[in-house]
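To keep things clear, I will list the structure first and then write my remarks on it.
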Amino acid sequence: MLKTELCGIKFQNPLILAAGVMGSTASSLNWILESGAGGVVTKSFSINPNKGYKNPTTVAVKGGIINAIGLSSPGVKKFKSELKLINKKNMNGDENIAIASIYGSNSDEFAYMVNEIESLVDMIELNVSCPHAMTGCGAAIGQDSDLTYEVVKASKKATSSNTPIIAKLTPNVTDLIQIAKSAEKAGADAITLINSVGPGMKIDINAGTPILSNKFGGMSGPAIKPIAIRCVYDAYTNCNIPIIGVGGISNYEDVVEFLYAGASAVQIGTSIMYEGIDIFSKIKDKLKFFMKENDFKSIDEMIGYANK
Amino acid sequence: MLKTELCGIKFQNPLILAAGVMGSTASSLNWILESGAGGVVTKSFSINPNKGYKNPTTVAVKGGIINAIGLSSPGVKKFKSELKLINKKNMNGDENIAIASIYGSNSDEFAYMVNEIESLVDMIELNVSCPHAMTGCGAAIGQDSDLTYEVVKASKKATSSNTPIIAKLTPNVTDLIQIAKSAEKAGADAITLINSVGPGMKIDINAGTPILSNKFGGMSGPAIKPIAIRCVYDAYTNCNIPIIGVGGISNYEDVVEFLYAGASAVQIGTSIMYEGIDIFSKIKDKLKFFMKENDFKSIDEMIGYANK
Amino acid sequence: MNKIINNYEILEIKKIISETDTIKTFIFNWEMKEGRIPIPGQFVMVWNFLGKNDEKPMSISIIDRENSKIGITVKKIGDFTEKLHNLSVGDKLGIRGPYGNGFNIENIENKKILAIGGGVGMAPIACFTSYIGQKSNIDVVCASITKDELLFSEKLEDNSANIFTCTDDGTCGFEGYATHRTIDLLKSKSYDMAVVCGPELMMKGIFELLEDREIPAQYSMERYMKCAMGICGQCCVDNTGWRICVEGPVFSNKDLKKIEEFGKYHRNASGEKELY
Amino acid sequence: MNKIINNYEILEIKKIISETDTIKTFIFNWEMKEGRIPIPGQFVMVWNFLGKNDEKPMSISIIDRENSKIGITVKKIGDFTEKLHNLSVGDKLGIRGPYGNGFNIENIENKKILAIGGGVGMAPIACFTSYIGQKSNIDVVCASITKDELLFSEKLEDNSANIFTCTDDGTCGFEGYATHRTIDLLKSKSYDMAVVCGPELMMKGIFELLEDREIPAQYSMERYMKCAMGICGQCCVDNTGWRICVEGPVFSNKDLKKIEEFGKYHRNASGEKELY
């Protein structure tokens, strides 16, 4: 009853690991899949190895954390060997869905990356939304509707195998819908909403300085959920491609809220820190119970329920 | 030791009541002043009476609330009689600072309002930042740097008495600094950062619908503090006019954090709900203690401390 | 954060009692746990999400801790309350609360208490009377325009309170206003304290009576409400600035004296004053 | 939210002990309250906000509950640790934690325990040994390259543990590696369990020894860390995916067997594998 389909890809359940959270190795991704996620998104990676920012790279705030890890990755060449190790099925024999998150600073880089990895994963998520990425990357693209259009277009064009392309967008813009429509027009098969919020900063008053070495970073966790819900709701009303909801999910009620707002599936990141790896299996059980209680036969019936 | 000056206006202390919170009557404003605030900002008002949105207009979320009160006010004519009743001094004989928050949908309306009220208050704050205002008002202006420029310019031009004009800005834009610079160039004497965040939405999964009658509203409270701190920090680096910091302040540590980020004074809103009216006097005592412990002789010495 | 801000619970209407032609009581299951155990005089915000998507304050009229139930008693006077009256058992409403201070019920045992309720103002008064029960000796002045509108008089009689009904038109009990009935009672009886709820002009009249006789009293007020959390400032009163939703709705006679607008005016949704 | 995420405390260095030419112990006051009372094997993140504005993990080497103090013991091996070594008493560091699982110290009383520490790996081992104290019979193999680098051997002797030093160059105690010293000990003695920390290749050698003899053991591992909160995934190991900062840094011999990269490679800041 939790099964759901997104851009022709069949998920065992609508719970997906969010990009950048325990997503740097096949080992941790497989652990998450084994623990009950319907799919996983990798840490965002690009052509070259990148150490990311110096520590401190994360700091706890009320209702979540701020991070500026800085998109660390060993680069596409080495990361491909990780992708190959992601299990295609879990121990029960159910299909696992692997989504690669990639970034770059222009359409050529995105196209190159798509080409390199499309055969290794089920879907590709374009990170044009990281709020603390290096110059020209992440939100620098996704805060501009023309650049978003170009990058999505180029990425779509680069696929030879129909691997669905998802654009992950940032809420930190004046007009999200304009950007979402750009992505849709450029051929995105789905959009993921939202990447981390703000950016935010925490100053330690005893140290007298911002805590993160990058000074600011993206906010995630329960506190950002209302923003994510608004984004999903608005995009559902204004766009025609499926939406993957993400931001602050920590229990089944949150998942239902995202589905009701218009998400076809959801991603979970920061709450793993609070709730542990078994958050996926816990939510699955309770979600099934909720669906039975409320006479829902499928996830589909719940999508956009609150927009009616 | 808490005394501070902003645009030539002398405050007994840097703690100001934020706009829209217990600011609809002279009575409540006087109560707040008596309880220890250095100044108060009124609820935003405009030319005509406005009922605001239908209930529900507020909903609690993790780390704060979302509100879409909808700028309800009795209109300038009636509100002027409230302004006249705001006490010029508190019971100790200390100067109270009254700041009127006004809104409108174009420069003419702002100019008209400034003219109407400037003789009654110490400062005027332009609300070009409410994220759930009626068409053409609030963030509709403050999300566009040209409109912001026009409105600030017209408001400045309308003052005959040198009443300082403060532009209150929204963080819900792609490029805050561009807008802040616009306001500065147009002659704003100070900027207030930030109005409520998002906007955000909460869907009640049992009701199956967004809770607020306006569906979305502005987020406020502790959860938004990191965004406010980042905005203040950035504006302090990029602008040359004083900054009033607001967003999520609930204790003296938060006040220090804002001062360190670059604020010359701060406003407190939502935390009144959690902490009560005596939040001002509580913070004052602890702030003094902190300053003594850390050898600060004046608020001035703390401003921008973390930007060094 | 010190205060718990209760969010909505979507609750089924478990029972509806038609009290009068225009007044109905709605009963809900209510988990009695910390931060949400109501006391008489507190209110809830009622969200009719299916109807007009509006939300208004209602006093808690029934607190049944034993069976984990609460009730509200609603008089049909406009759009919102009419839509509530159209609901049936099994329909759902959003309820958040309890809010406000409620009646001060400390040291109330073995006191001679005068409780005065006018119209649907009987809701918190009945709640108070049932709650205090036999612990004190309570005389209840139960006032309404006409017999059909008398609220809770029978129920409270069962509760061992002494009921003194009065109707403007004399169709039941004393003919005349609650003030007159009270003057009458005060001639023969003495009281340690009083609790009062009803139309503000009625309360104003009672206030003057009781002040003259130096009887300490508590009054439950109504003002237009938006947040009910003490943030929006909509419900603040002149000249104290107090919030009816936090510092109120119940005020002692001492405090009420400082509320200069009492009996004179209140503010509507836009904050404009409306005279009584 | 279940887990408490401790934020920085900016703490004054109360005392600095020069253990060897390259190793210093730093002592801080530490409020021992729920969620922050450390156990041996746990670590803290140390933020040098004045220096390089970098932050790295350090094992807790001293837990003094009585005097509310903790200590870390730092070996100078690079830029960050060198800057730490330049600090003086009264300077401040940001400390958050404690993090990680720590040694499993349940049912550890009256056991014959072998504790093996190599180099600065003695930090958690010394902490463990002091913590367990006289409750068990502990033999400590204290290994280093040369005499001047031997860590905590004297301190632990005071603590009624039996110390078996060994140096690669024979300048103190046994001449040779910790593995050789251990083989030697195991000839004459039997143990109920072991705890081990040191360079990974040393631990690998010890692991094989102890597995052969079926002695249950716990090993404290190191991996590159960023968040230390279990979110960034930087410290995950192959093939289990476990996080050294949450599921580790201490693993039982049983679990260690599943960590295939143990003794083979680790990942650097960008996630590239580096072979041992």
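We just call them A, B, C and D in the order they show up, numbering each chain from 1.
Rule of thumb we're sticking to: a contact is a pair of C-beta atoms (placed from the backbone, for glycine too) under 8 Å apart; a residue touches a chain by one contact, two chains touch by 3 or more.
Composition by chain, UniProt nomenclature: A, B = Dihydroorotate dehydrogenase; C, D = Putative dihydroorotate dehydrogenase electron transfer subunit.
Bear in mind the structure is a predicted one, so any value in this text is a computation, not a measurement.
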- Message: If each hop has to land on a touching chain, what is the smallest number of hops from subunit B (Dihydroorotate dehydrogenase) to subunit D?
- Response: 2
- Item | Contacts common to subunit A (Dihydroorotate dehydrogenase) and subunit B (Dihydroorotate dehydrogenase) (chain labels) | none
- Item | Longest centre-to-centre distance from subunit B (Dihydroorotate dehydrogenase), chain (CA-based) | D
- Message: Could you work out how far the Cα centre of subunit B (Dihydroorotate dehydrogenase) sits from that of subunit C, in whole Å?
- Response: 36
- In whole angstrom, what separates the CA-based centres of subunit A (Dihydroorotate dehydrogenase) and subunit C? 51
- Rounded Å distance, subunit C centre to subunit D centre (Cα mean): 65
- Task: Indicate the residues of subunit A (Dihydroorotate dehydrogenase) shared as contacts by at least two other chains.
- Result: 209, 222
- Task: Would you give the residues of subunit C that are in contact with at least 2 other chains, written as numbers and ranges?
- Result: none
- For the protein chains shown, what form does their contact graph take: line, ring, star, complete or other? line
- Message: According to the definition already given, which pairs of chains are in contact?
- Response: A-B, A-D, B-C
- Message: Considering only the defined contacts, which subunit B (Dihydroorotate dehydrogenase) positions touch subunit C in the complex?
- Response: 20-32, 43, 49-52, 54-60, 65, 67, 69, 72-75, 78-79, 204, 206-207, 209, 211, 213, 222, 250, 269-270, 272-276
- Okay, in this complex, where on subunit D does subunit A (Dihydroorotate dehydrogenase) touch? 1-3, 5-10, 45, 47, 49, 52-56, 92, 94, 225-227, 229-234, 236-243, 267-273
- Query: Which of the residues in subunit B (Dihydroorotate dehydrogenase) come into contact with subunit A (Dihydroorotate dehydrogenase) in the complex?
  - Reply: 61-64, 66, 143, 172-174, 197-203, 205, 208-210, 215-216, 219, 222-227, 229-230, 233, 248, 253, 256-257, 260-261, 305-306
